[in-house]
């Protein structure tokens, strides 16, 4: 995908109608698998609760996100979008969103999207900065300026940009890039330094305009709690990540689907009868173990948390240290979010052609750097995202997605139905901030349990689920309302 | 079981050595299945953290509880015990505890236990009041009075007695029993009225002496939170019920074991191939559904909470309203804790010889009173705890344990290993209150996660689980200590 | 249970009406779980295909067998019955059959049954000989003699008695009991020696009258094939054991139900989280492994047959030699039908309180004799059928049912629904021999696949199964009849 | 892939070395997953049991088949190969086989392969005829003629060609193509007509030379039994299809793997929580149902055979007629081998975007022709092998692989490990015919159970399975040899 001129205000992908048509097709299929979002479109078609909302979105620009964006629009919002990862954009989805359901290349009717697959870091941060530029909308409204009043974030990049931009504007200068700064932070500093040359209060005005942010992931939520703790948070934030219908569905049921999918697409190796080792028995590990057992593998689990270890044992899995069984294992899957959980000394003990894969977090969960440093090691590409590492001991192992998330790299990530749960939480969170802002003084919140339950409720019909209704007497008996919420806050599901 | 003279101070069961020997035998087997408690005995053999503790215990006097009691003693405590249910005492376990591991009938060395199977309500409350009478211990110590300094409670009866006793002593009178009072409350009032005639400050002194209570169940915890909310709580309370190693293990894995056990002992009916209907998909319902599927039944679930309903669907179960499928079902199991979830109108639609059972809560979860009122209905006892109800439509249904908890009534309740988790929490909670009371101002607390993790940790070896240890670098990377705790408070497991 | 006078012709249990009433109650419940038999009663109520049949039955006199007997009667047969095991009679079932559904003690209307729980060997063989004495029926018919014309056998004792009796009558003498003869064979020789003193052709006439036998088990079938091979078989035999609806249902689904039932009733030990070792992965082993996994155990399997071993691996189980893992295992289950598969040297390596049990065959599958011979071993009875064996190494193991079939000894054997499949095969086999004898020259046969399918068909409604029907065109396309049979003979299911 | 000149004798793919290298890479990975074949290479490296064998092979020219071919060569055989399906060739595998492990394009050292992806029917039959032309080998040997002495067949095309060729040569003429002949049969007649013009005894000589055939599939086996029945079979045949290690592994465990793989690659739809309908509960249906349940789907099964229907119920599945539930189902899978099991009237009742797929047999299992004839229907290609059929009722359904086998069309078919079982049977069968021909008079045979067990045995080490060995006493006790076979012939596994 070639990139647009960085100077242009026009969203990138308008030019390609065939791409947009292909994307539109996929959107149509995905809509059927995202009943939560489609239900919101029906429910709020008339009331338009997001009328007046101007949403700056930063989240992987996939087909599922396209359905999210068009749902926000259907509820009255205006939207601008960037991806939150340089590789995760599906160009046809971006194109379809830009053109819109009824648009043409000449007359795109959709949403400005600043994203393409394979951005450089400067391009990525340029894209992110573009979602805060609402000059077109300002012009339409005859205003001399406009910015977003809501952020929808995944990982916190958009939120951080606003906080840092304002901070440096208040300070009057962007600090010099230090040697110890990461490359990426240098790019951010460059961008903000440029910004400061053209405006001394751009980010300050934006920060004042933004009424809140809804955040998708653990990483972003972690940043928000730190800002809150340090008294630096500028607007209320809703932690979508910790909704039950997000964390307990996305993690467990998403991985149950996409782990065997990734293994199959990458290797075509029979899972049945094999010994699989799952590092970690949190929600992701639970989903992984269930999927592998469901395919007839014998699953061994490792854990550091004795509670999760006991759960694994009670669920019938052997729980062992990696060192104890490494030589018996055919398939390794890491799910921890920690680092160096599979290390070179483990890899050197593995069976010939053992498969090594990660669905946890970064590529340091498997110590890829350490693997590359083993003396005499060599790497052969079997096909993209599948590499055979020949070891000095004469054996070789198969590493998927270069140690990165194999359910994304070797398969297609979470299916639409799972994302529909996550994104319905997002939309409800945006509605909360837009319509009931007074209920959210600056701070970090999870969605009220009632809305969490609503998200689940909107996904039942599609699965043919008949929900039972409490009688008023029954509701009174257990001290809840007929409409819910039904559980105490600390209920674990 | 004949009952003792109510006036005697001597615990009841001392006289029967063969009973004690039978109980001792069962204790020995149970100890092997309660590694958490046995580990605490080893760990604290020397330090004796409960030295000086005088514990008044009110909890089902079973074999497992006997192992708990002897663990408390092994850690230095003195203990007096009553059951918390008129039917739940296993007499041989009580006898064994009274005699003690090295005692004889003539010279019992154990713990005074006031409990036998089949108490009347006045007997029950007399027993409960006896655990607060520590005159023997006072005499030994040359003191003119002694009371317990800790309560270990299940359901809150012991705690309530202290609170009510003190309240009426302060008021100078026990109110007359009102017509609207329950029978049981009348018994309590009678007991306290008697007490007031012999002492005007007995309960006031006891209340002052008690430093805290540890509570086992949902019901008792609910009462404690109400006392706290109303500013009436007299001492700190630790909510053992909501430890992960209690609620997520006891409820799910306990029922997975004891539900099919109860069905089999009651009916000998093949579970495989049958249609089972599980009302509720909380932890108990999850365990029930898993057990029935594991025996080859087809399981249908009903739910009022859309989140749990969605979980059931994602776990592969049909989710339907009872009304939709009642005529297809062979085995009904209620798990809700609500009332009237299976009603006469449902029962009249059931298949001939459908099995109706409850593992949720009280006997009103199945509307037994309503069933008995169906015109023309008649009840035949097949064997104890198994009744055939002949319906006017010519069909009959099989009701287990008269609608009460069938895993207790038709089987033997939770196995020792499950109770070892719960009771290890109890012991740790007692140690907390006894040794770190200053950390617990009056209020209701759950155990720190680190202790919850410790409970799990003590049960791993018995199952052959190898726990993995974080390196200091890994612990730092995810921001935890190497020793734990490993998760944020709201983590759902 | 006291025994009758051996000389009397009257069946034993008539005297006790309360026993008969208790049995009648159980029959009524069992009938609902035996839809195959009850369907045959409806189907053949009018045509009475067994009119004229005089059936001598030798099969465990349980509640399920009672339903079988009354089905044979409902189809027109006259029946006399003995048990095929000295311990397996359920007296209340026998009593109910004798009295009959509408009889009284004074006027029993049922079937003569010669069986009680706890027979001696001479009593057992006397009972077996009584099922061949049809003098009452002869008297009724004004004939001077009558014998059965069909045998329904389990294990072959009735069949063997006829063959041996005739053989010795032809020889004119019963051989002296040799020192090497088993005790039981000596009892048989005594009985036949007595018989020869009163009649020189009793068994010869019976053998001539008998038109065929239907045999229930592997052991009996094995004897029949030997008789056939040696040219000594006197009448055709139908091998019911190898019907698919017998061997694949009884073995697999029966044990899946009764194994955990036996473990629970015997020990109350939590199965979840434990390591279970299943010796053998035939149909019984498959059922055992599935049941244990369904309860959350981690199951390890051993096998000698590489095909079954590979199946176990493909089903996700670890396959190991007993010696490799014996010290990790909590629960042992043997399912092989071989001998000495668990031996003293294994037992000495087991964990403390490991549970050792057998659902395979005889009590030599676990080498009980070898266990008893270990120097310094001692046995303590925990309760009937549950023994702790204290080993010289300071550990002890729990042995169930003294090494005999624990699903019978500690639980109640196969549930009615499973037996309904087996017994429906029996009834159909009896009808075949009675109505189409010409199709069965002397030899051993399995039931035609069409009847095997019919047995299955009769059990579908009770489970709510909707069967699909082939169109004539579809049937033609795959070369079968619309009505079946649907598979080639060697199809493995 | 362009095709070679039909007149050339040179195998087609030699020219492309990069293709061969890619194929060689895949072979290397597959070898690790085909331990049965690799074990045979070791075991027979020295004895060379196939020395002198000239094998004409007709079987899908995939990577797994390449490992088979090179195993045959490693055991001493000479081989020529064609595919048995116009679409199934993997060109890189074919190229690798032609070049051979140590060959070059200029100097190929491998096996002549006549196969490429996407042959026309005349090309297909030309390729098949070429595997019978061993003139090169004849020339090498200085003989004036040579033909194969063994056939390895899949579906019977190679066998049929020999039989028909000889038949027409004996008749002296090839019959004219009739209007009722299929197009393909016309192509065969054309080829044989050409053959007759150049030689009057080519196929007669070939038929005389061929000593036997080993056949892979049901279809081919069916043809062989017909030839035998009609007295037309010209040489002995071994039915590999009905080895336990073929039919019970290939069908069940193969589909368990490749069904969800195909669904995922085709649609990316979440399987969890969905309602899946599996038509047929034979081995393929059992594998399909297990896979779908393992992913969290709710599975409903339909069956015509009451035994299989009862098995499905006992395994916990709802068994229903398609008509009863068609409107609730998200994913349809046919597994029957019958035709018209899903018909237009069903499709018109389906949910919007229901997925319709077949893993059973031909594309008439789903009535694709009938679907196309629905008035107003239209078809849109979503991507290759995935089509949306828009129905006149406003809904649409997603049909995979145009109704053909979706595990081949949307995924990659059976994994190597499964094929290793099938192909090890093939090699052993070839050795039997080549070394013990006298044991196989003309007829159709299955492999002796001992060899079936050997196939399993060769796959155990790779899965870490420890096999247990019978002691001689144990073997004697159950009447088998220590080395096997261990079961009676009709054992069902």
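A, B, C and D label the chains in the order they appear, each numbered from 1.
FYI, a residue touches a chain if its C-beta (ideal position, glycine included) is under 8 Å from a C-beta of that chain, and two chains touch if they have at least 3 such contacts.
The chain lineup, named per UniProt: A, B, C, D = Adenosylhomocysteinase.
Note that the coordinates shown come from a computational prediction; the quantities given were computed from them, not determined experimentally.
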item	value
Separation of chain C from chain A in steps, with touching chains one step apart	1
Far-end chain from chain D, centres as C-alpha averages	B
Between the pairs B-C and A-B, the one where more C-beta pairs touch	A-B
Mean-CA-position distance for chain D and chain B (Å)	60
Separation of chain A from chain B, taking each centre as the mean of its C-alpha atoms, in whole Å	43
Per-residue multi-chain contacts in chain D, two or more chains	253, 272-273, 293, 296, 310, 313-314, 318, 463-464
In the complex, chain C residues that touch chain B	25, 29, 32-33, 253, 256-257, 260-261, 264-265, 267-275, 290-291, 293-296, 328, 352-353, 380, 382, 388, 398, 411-412, 415-418, 463-464
Chain D residues within the chain C interface of the complex	242, 244-245, 247-249, 253, 283, 302-314, 318-322, 324, 337-341, 452-454, 456-457, 459-460, 463-471, 473-474, 477-478, 484, 486-487, 490, 492-493
Touching residues on chain B, where the partner in the complex is chain D	272-273, 293, 296-299, 310, 313-318
